[in-house]
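Each chain gets a letter, A, B and C, in the order it is written, and its residues are counted from 1.
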Amino acid sequence: MFVGQLLNGLVNGAMYSLVALGFTLIIGVLDKLNFTHPEIFMFGGFVGIISIEFLPLPWALLVSFLVGGVLGVITEWIAFRRFKRSDSKITAALSSMALGLVFTDCVQKYWGTEPVSLPNLPSWMGKNIELSGVQFPYLHFFILIVTFVLMFLLQAFIHQTRMGRQIRAVAESPTNAALLGIDVTRVSQAVFFISSGLAAEAGLLLSLRSASANSEIGLTFGLKALAIMAIGGLGDMRGAMLGGLLIGVLESSLYLFGLGRWVEITVWVVVILTMIIKPSGLFSARIKLQESRA
Amino acid sequence: MTPPHEKHLMRIEHLSKDFGGISAINDLSLDVNAGELLGIIGPNGAGKTALINTITGFYQASSGQIHFEQQDITHLSIHDIAMLGIGRTFQNIRLFKRLSVLENVLVARKSFFRHPFQWFNRQSSPRQQMDAALACLSILNLSEKINQSAASLSYGDARRLEIARALAGEPKMLLLDEPAAGMNEFETQQLIEDIQIIRSQVSCVILIEHDMNLIRALSTRVVAMDFGSKLCEGTAQEVLSHPEVLSAYLGDEEEDVD
Amino acid sequence: MIADHLFFAGINTLLAWSVYVVLLSGSLSFAQGAFMALGCYCAGVLTVKLGWPLLPATLVAGVFSAVIAFLVGYPTVKLKGIYFILVTLGVTVCVRVLLENFKFIGGVGGFGGMHGADVYAVAATLGGVGGLLYLFSLGSWQRICDAVREDELVAASMGINVVMVKLLTIATGAFIAGLAGSLYGHYMNFVRPENFDVLLSIYVVLYVVLGGVNNMWGSLLGAFVMTLLPEYFRILAEWRPTVFGLSILLILLLRPQGILQFRTLTVKKRGALGS
C-alpha cells in the first residue's frame, strides 16, 4: 500500500518535473515566463488521441513531442518575439497567457469540455506486474522510464551538443552570446521547441495514465508546474526535477494519511512558504534572475 | 565606546561594509557637524557612494554604528532614515521619469506622512505643499519647467531637479552624490551658486565630488577616501595637497575627473 | 435581459478596479478571485445565518477581505514580479480549496439563500468606488503610488513607507473585490467555490490589460466590453476566450512599448495645480 502510493507519487512527480523542466528552461535561458506552456502540456494529450489511433506507441510519443515543439516555436513567434526589452517582460507573459486562452478554447470547441478517452491503448497498459506480493501497473514504470530517459537526453543535449553549449552561453548572458556570434533567435526557438515538446510529452503520458485527455488540466496540473519551478529555483533544472518529484511524493503522502482533500493546495502552500522563507528556491544556483527579493 | 557628543550632527564609528570578499567600506569613522559643508573626495571605487548608501540605509552596515542627532540609525529602514531628516541625490540620475518636474518634487513633500494617513497634520495643506515645492524649484532655477515631463529635461536640469527634490523633503542633512558630473563650466558655476543658497536651508551638506573646483569653492572641510577608508581630512587646501591623496589619484595634482 | 448584463458588467468592473488598485503600487495580483470569494461567503454568512441586512453585510465583507489581504500580504509584499504573482495564484487556489472543505458554508456543494442585490446596488457601488478612485487620482496618493511604481528605493529615500503603501493598495483592492463578491452572491442566490477560481482571476487581470492600465477608466472599458459585447454578438459569446485572447494579443502587439505605461501627464490637471 505504502509503496504503491509512493510509486504513484513518483509517477505524478515525474510528470510534474517534465512540465516544470520546460518552464524553467525558458526562464533560465531566456528569462521569460511562458504561460502558454501549461496549455501545450494539455494539448499533448489530445495529440495522443489522434496519434495513437494510427500509430504504434513509440511513434505516438514522438509525434506528441514534435507537435508540442512546433507549437512552442509558434508561441515564441507570436507572444514573445516582439517583446524583447526587459520592461516588456510582463507584456510577454500576459501575451502568452492570452494565447493560452485561445489554445484551450480551440481545443474545447473541437473536443468538448469533457475528458475524451484515448482509443486503442495497448493492452499491457491495463496490466500489472507483481513484485513482492504487490501489484504495480506496468504503465507507472513506463511513465517513469520515459520521463527519466527524456531528462537524461535533455542533460546530454545541454551539456554535450553544440546547440546545448549555445544555450548555456545565452543563459549566461544573451548580449555576450550575441557578440560571440550566436544566433540568439535560433537558440530561443530551440529552447521553446524543447521545453514545449517536453510539456506535450508529459501531457501525453498523463492522458495515457487516465486513459483520457482532459482540457482542464492546463490550469490545474500545468500551473502547479509553475509553482514547482519556483520552489526548485527559477532557471534551475535540478530544482525542477527534484521539486516535481518532491511534490508528487508529498501529495501521495497526504492521500496515505487520509488528507486527500488538501492535495490540491499542497504545492501552493509549499510555494508560498518557500517564497517567504527562501524566495530564490531550493537551488538558487545558476542563471540570472531579474526578479528577486527587495 | 565614547558617548555621542552633543555638537555632532552625525557620528560614524568604525563603519564597515563588505560584499562577499570585497570591503567597500573599511573601518571608517567620521563626525559631521551642523553648519558645515563636508566634501568627500577619492578615486573611483574608494567607497564614497557606498558610504552614502550605507548612511541612507540602501546598504546595511556589516559592522559599526551611525548616529544621527544622537539616534542610532545604523539599522533603520530607508524611509525611516529619510524621515529623520537625511536627504540624498544619486550618482546616476534617478528621477521619476513619467512624472512632471513639479510632481517629482511634490512627492517629496508628501512624504512627510510617515503612514499615508495623517491628513490632520496642520502644516500640510495642499497650498503650502505646493508653495514649498515651487520654492525649491525656483532655488534650482527650474521654475520655467515645472510642467515638463522629467524625462524631457536636459542633463543639467535633471541633475538640478534631483537636488530640488531632495531639498523639498526639508532635510537636516543633504547628501549630494557627484551633482556636477557631466556639467560644463558654466553649469558648474551655476551649481556652486545654487548650493551656496541651499546651505541656508539645510543644516549640513555632504558633497561627493570629483570636480575639485566645486570642492574648493564650497567645502568647509574635506575628507579623502580610498579603499573604503579615510585617508585624511582637513581643509580643502590641506587635503588636496596631501601626498597620499595625490598618489591615490595617480599623481594628478588637480583634476576634473569624470 | 439587459439588467442582467449590466449587473455582470458592473461586477466585472469592480473586480477589474480591484486589480487596478493593486497595480498602482506596482504589483500584479491574481488573487482577486479569492478575495471576491471571501467577501461573498462572509456577507452570505452574515445575511443568511445571522440575518443581517445586505448593506452592512457587504461592507463588513469588504473589510474582512481587506484584513485577510493585509495579513497575507504582509510577509509577501516584498516579493517582486513573478514571485508575487505566484503567491497570489497560490492564494486563489488555497482559498478555493479551503472553502470547499468548510461544511459550515456548504463545502463543494455550494452555499445558497442569499438575495437582495440588484443592478441598482451594483450601480451605487460602482459610483461610490469609482468616485473614490477618481478623487484619489487627483491628489497626492496618486503621486506616491506613481513614485513607488517607478522606483521603490528612491521613493523610500524620500520618506515613503513603500511596504505600507503596497499593503494599503493590496488591502483596498481586496476590499473592492470583497464588495463585488457580496453583491455577486446576493444576486446569484447560490454560489460554489469553483465559481471563484484561477480562471476568474486571470480574466479579471486581462480586463484591465484590454482596457488599458493608464487609469481607472481602462478597467471599466475592458470589463464592459468583454461582458456586454458577447451578449449582443452570439459568435463572440461562443468563442469568448478566443476572442478575448486574440484581442489582448492584438492590443499588446500593437503597443510594443508594453502595457505598464502608466499615467502620462494630462495638461489640464497641471494647469489647475501649477498656477
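Just so we're on the same page, a residue touches a chain if its C-beta (ideal position, glycine included) is under 8 Å from a C-beta of that chain, and two chains touch if they have at least 3 such contacts.
Quantities reported herein were computed from a predicted structural model and do not represent experimental measurements.
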* Structure fact -> The remaining chains, chain C excluded, cluster as A | B
* Central chain of the complex, centres being mean CA coordinates -> C
* **Greatest separation from chain A - chain, by CA centre** => B
* **Distance from the mean Cα position of chain C to that of chain A, given in whole angstrom** => 30
* To do: Mind checking the centre-to-centre distance between chain A and chain B? Centres are C-alpha means, answer in whole Å.
  => 50
* **Between chain B and chain C, centroid-to-centroid distance (C-alpha), Å** => 41
* **Complex interface listing, chain C residues touching chain B** => 139-141, 143-144, 146-147, 150-151, 153-162, 164-165, 168, 261-265, 267, 270, 273-274
* Asked: In the complex of these two chains, what residues of chain B are touching chain C?
  -> 56-58, 77-79, 82-83, 87-88, 90, 94, 96-100, 102-103, 106-112, 114-116, 126, 129-130, 146-147, 149, 165-166, 169
* Structure fact -> Listed in rising order, the residues of chain A that touch chain C in the complex are 33, 78-79, 82-83, 85, 87-91, 93-95, 97-102, 104-106, 109, 219, 223, 226-227, 230, 234, 261-262, 264-265, 268-269, 271-272, 275-276, 279, 290-294
* **Residues of chain C that touch chain A when the two form their complex** => 28, 75-76, 78-83, 86-87, 89-91, 93-94, 97-98, 100-101, 152, 197-199, 202, 205-206, 209, 239-242, 244-246, 248-249, 252-253, 256-260
